[in-house]
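Chain naming follows the written order as A, B, C and D, and within any one chain the residues start at number 1.
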Amino acid sequence: MKIDPGMTTLQLMEEMGKSGVLGAGRLYRATKLLAELMGDEETTLFLSVAGPMVPGGLRKIIRDLLADGHVDVLITSGANLTHDLLEAFGGSHYRDHNETDEQLCQMGMGRIGDIYTKSEDFEVFESKINTLLGEISQKEDHMNIRQFLTEIGKCIQDPESIIHTATEKNIPIYAPGIIDSMLGLQLWMFTQENQLTLDAAGDMHELSDIVYGSKKVATVILGGGLPKHYALASNILTGGVDAAIQVTLDRSEAGSLSGAPLEEAKSWAKAKCESKLVTVIGDATIIFPMMVAGALELINKKND
Amino acid sequence: MKIDPGMTTLQLMEEMGKSGVLGAGRLYRATKLLAELMGDEETTLFLSVAGPMVPGGLRKIIRDLLADGHVDVLITSGANLTHDLLEAFGGSHYRDHNETDEQLCQMGMGRIGDIYTKSEDFEVFESKINTLLGEISQKEDHMNIRQFLTEIGKCIQDPESIIHTATEKNIPIYAPGIIDSMLGLQLWMFTQENQLTLDAAGDMHELSDIVYGSKKVATVILGGGLPKHYALASNILTGGVDAAIQVTLDRSEAGSLSGAPLEEAKSWAKAKCESKLVTVIGDATIIFPMMVAGALELINKKND
Amino acid sequence: MKIDPGMTTLQLMEEMGKSGVLGAGRLYRATKLLAELMGDEETTLFLSVAGPMVPGGLRKIIRDLLADGHVDVLITSGANLTHDLLEAFGGSHYRDHNETDEQLCQMGMGRIGDIYTKSEDFEVFESKINTLLGEISQKEDHMNIRQFLTEIGKCIQDPESIIHTATEKNIPIYAPGIIDSMLGLQLWMFTQENQLTLDAAGDMHELSDIVYGSKKVATVILGGGLPKHYALASNILTGGVDAAIQVTLDRSEAGSLSGAPLEEAKSWAKAKCESKLVTVIGDATIIFPMMVAGALELINKKND
Amino acid sequence: MKIDPGMTTLQLMEEMGKSGVLGAGRLYRATKLLAELMGDEETTLFLSVAGPMVPGGLRKIIRDLLADGHVDVLITSGANLTHDLLEAFGGSHYRDHNETDEQLCQMGMGRIGDIYTKSEDFEVFESKINTLLGEISQKEDHMNIRQFLTEIGKCIQDPESIIHTATEKNIPIYAPGIIDSMLGLQLWMFTQENQLTLDAAGDMHELSDIVYGSKKVATVILGGGLPKHYALASNILTGGVDAAIQVTLDRSEAGSLSGAPLEEAKSWAKAKCESKLVTVIGDATIIFPMMVAGALELINKKND
């Protein structure tokens, strides 16, 4: 690898590709595969996002991938959707605090690694989401989770919001574990006095239609957990995904799905035997921006 | 630490306690805390189980903890429940295969690390669970997930089953991500032609009643994911758990909840400021059996 | 796995062996292999110790393995030898401090994870080791590192000391990176005004004689680093070790030797193609005591 | 973070800096600090390199940092020096092999992760290095390790070699564990019939002179092991380094120095209390090229 100051992200990654080994090699191969998947009209591209990727600074990147038509299906956690709404409602994420967790609690601040949130922002979130829940439940009191998120997307105006942009662009968001989040908590409290049922199984009808209707399916997986499993498992009925890229710091030895090598999915027919699979070990807030920057530049270069 | 051949598990762990540092120190403190929590009648003890703990050999340990009244609430993944049923229906988990994932797929075997499953066992599972779903949905076509699992527990006879034992002992099982599992897949396929709605929000009513009705709440967390978050988040309305023990190989730097230090939960009021929190870094299939063996021996010793 | 309170360490590990998968399975296999290696008179058993294993509470376990003839060669870091001497000279390791690293520095305390050392203990160490260096250099001013450690072992009286016990039992200690430790620092300062040369290459003559003179060689590796590489590399001339057990939390993806799978050693002829290799992922302060307790109990059982 | 296709590496990293949290935030801060240290004439900059960084593709980057005067002292392993010489003598590193380790062994190929070496290259290495050892030992038969490496640097011609470039530029290379490598093995075999003694303590005289002669010292640490400890420990007599950057995938819980947080060095006076310390968790073959590209671009920008 040779460094030239001022080199573009892709140029740097091509140096990594020339070396081709260890993490650098894997990152380059993942980036090339991502460009290929984004550029292939026959491939339906899923993006699975676990971990604090919205508070961790990837909100805009994910939103732009949706806005620009690069991603066809988003699968994520209730927490990332909560944080997207928090920002849509004017809240923010904070940094550079030195207080202990006990002090933060007393200050009304929640901590995610070195990211900080304020309870005022959550209060605004609660009040606004309650209004939305009221509006939505009047239109319809039984829906699947994807429909619920689409309805929310219609109600909010922030053009930078992932949920809003997905609604605009007609891109489905699935969040099988939505109930386990601040958004889920508000939903539950709302349903103590109001009628609004979310039908998790309903999403699977839709998602399986998408899978059956796709020539090829590929998925990019940031972190593990439910979003990883859901993306892979939803492809089981057609023999598995055609390609997958995974970015994680989890390890495989204790058997958790989050750290499992993608190859394992082949045994379950969640990835096709001939599928293209690349895992990059690293922090997604570093690796994913690089990969996206490299892939977009590669696509632009090819289009020239 | 001094090793005497033939020493009991507790004696070994007391040697670790004398050293008191690094992993050995943490394991000893976690074991002492576990014994204290199990022995405290005022504490409602949650057990959160993510990762392949049933296929990984912990089925009997978890079942016995329920049977002997040591655990009051179980929170786990759909996958662990699926594997519990798989064994209840006569299936098994296999080991010592050297085939590639492609070959395993052709042989009809699924891989979880070095654990193997057979498609025949899943076929039996599918057929049996479908019969059960038919029976259950005739009694009631709308229920929360906990009720659904209780109904399953009533229908199966295997005394070694976690679900069966929980039902027998009146211990609730929560599985907020149940839909994302083989059990969830069967449920979805069943609902394509039958009526059976699971209401995820419904569980939260129950769980919050349990939390409000407890003098103290503690949780043991194996792995991370939804079960970890659900256990902690369900205590937010009362200011957080009074104690927690976590066993994980995940790391904290990328901000994922699974790897987050328990102390972070204090900032969110998911753990009380004065709560007792111990994390042990390691493989739960090693650490949890040690901890349980040590804690039970400690309780027996105190009772003598 | 089934837990019976009061079960011995071996009984617990046999339950892990019945499960046989993930970490529990690996730990059981490593323990059985360790018992086999300890009990085999044809096998020369190396023990490689990196990481703060002496301050971490394993001093007595390592010392007893030497005293009881279970280990034939010890390879370790200068730091572990320094801490062995620190205790031999009356110093200790401390715990339960909450100060920041800045405060510790001002208090004269060094931190290793949650282990603490006092500068007074190091002052005693410096004064005593200097006296020893004076005595040793008068006898001989050019020696290899193993000889140097044997000379130290002759001078100190603490029966609990690893260095003393190794000398008593005629077991060689190799420490190829000795210069990079407090002991090395004292050595260097001594040599500014005195004559004492340590010849690192000299150890390799001896070590290669040991390897050539052994029917079989096996090694137990705690942590990675120089001690791991040195143990494996010293067997390259005879085609590699016959067996190896490794306990580590390091991971393999970035290519570091410390995290490398033992199988990689086969490609380098540092482990024989038919060698028995087991890696356990975990904290050595937990895993090694378990493994030793299990192996010794197994050996006793066989001898009954 | 916002991605613009074609953005330079620095522009991408500045987006990470705007987010400022988790890995992205740490990488940006490390990059800014690196630029500051490189640009500061009062700072003596050490580079500590453990792990297979030369086979992993960083040879050219390290060589260029030396050639361009950005690094003042290099501390590394015998293995990296061996691989530098292997390439200087016409050998190479290979990739894309699917053989098992047993097969590789029979083919005469050694594996480092997904990097492969050929025994022919090592045979050339052995023959050439033996010639050099003969030449060098005739000039001088007792020297410290740094002098030995300088002598080698004089003998080889490859302008891309790290050792050659260091010699050209008068930059010292320290390799306290040199004996534990193929280079060390050849050295040992040479000394069985020839006279050539390397004095490890001798390096410390030199290194301590460098530390005492520097207004400020900073170190960049790739991986852990001996090179990390040596860099930090050599600053203990002046109260510690003024700044340090560490890139590693190792973790801290088991207490190993390799995974230890840099803050721990403060307690030992190996880092000053007011020192600037940044750790980035990740694969150095990804992180270090990014950091260097970003820092060089930042320096160029400032100079404009």
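The working rule: a residue touches a chain if its C-beta (ideal position, glycine included) is under 8 Å from a C-beta of that chain, and two chains touch if they have at least 3 such contacts.
These figures come from a predicted structure and were not determined experimentally.
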Contact-richer chain pair [A-C vs A-D]: A-D
Centroid distance [mean C-alpha coordinates] between subunit C and subunit A, Å: 45
Averaged-CA centre spacing for the pair subunit D and subunit A, given as whole angstrom: 37
Residue list for subunit C, restricted to those that touch at least two other chains: 21-23, 52, 55-56, 113, 115, 249, 251, 253-255, 281, 283-285
Chain contact graph, described as a line, ring, star, complete graph or other shape: complete
Interfacial residue positions of subunit D with respect to subunit A in the complex: 1-10, 12, 15-16, 18-25, 27, 52, 55-58, 60-61, 64, 93, 95-96, 113-115, 249, 281-287, 289-290, 292-293, 296-297, 299-300
Complex contacts: residues of subunit B adjacent to subunit A: 50-52, 55-56, 79, 101-102, 104-105, 109-115, 176-177, 179-181, 184-185, 187-188, 191-192, 197-201, 203-205, 223-226, 229-230, 233, 236, 249-260, 263-269, 273, 283-285
Residues of subunit B touching subunit D in the complex: 21-23, 251, 253-255, 281
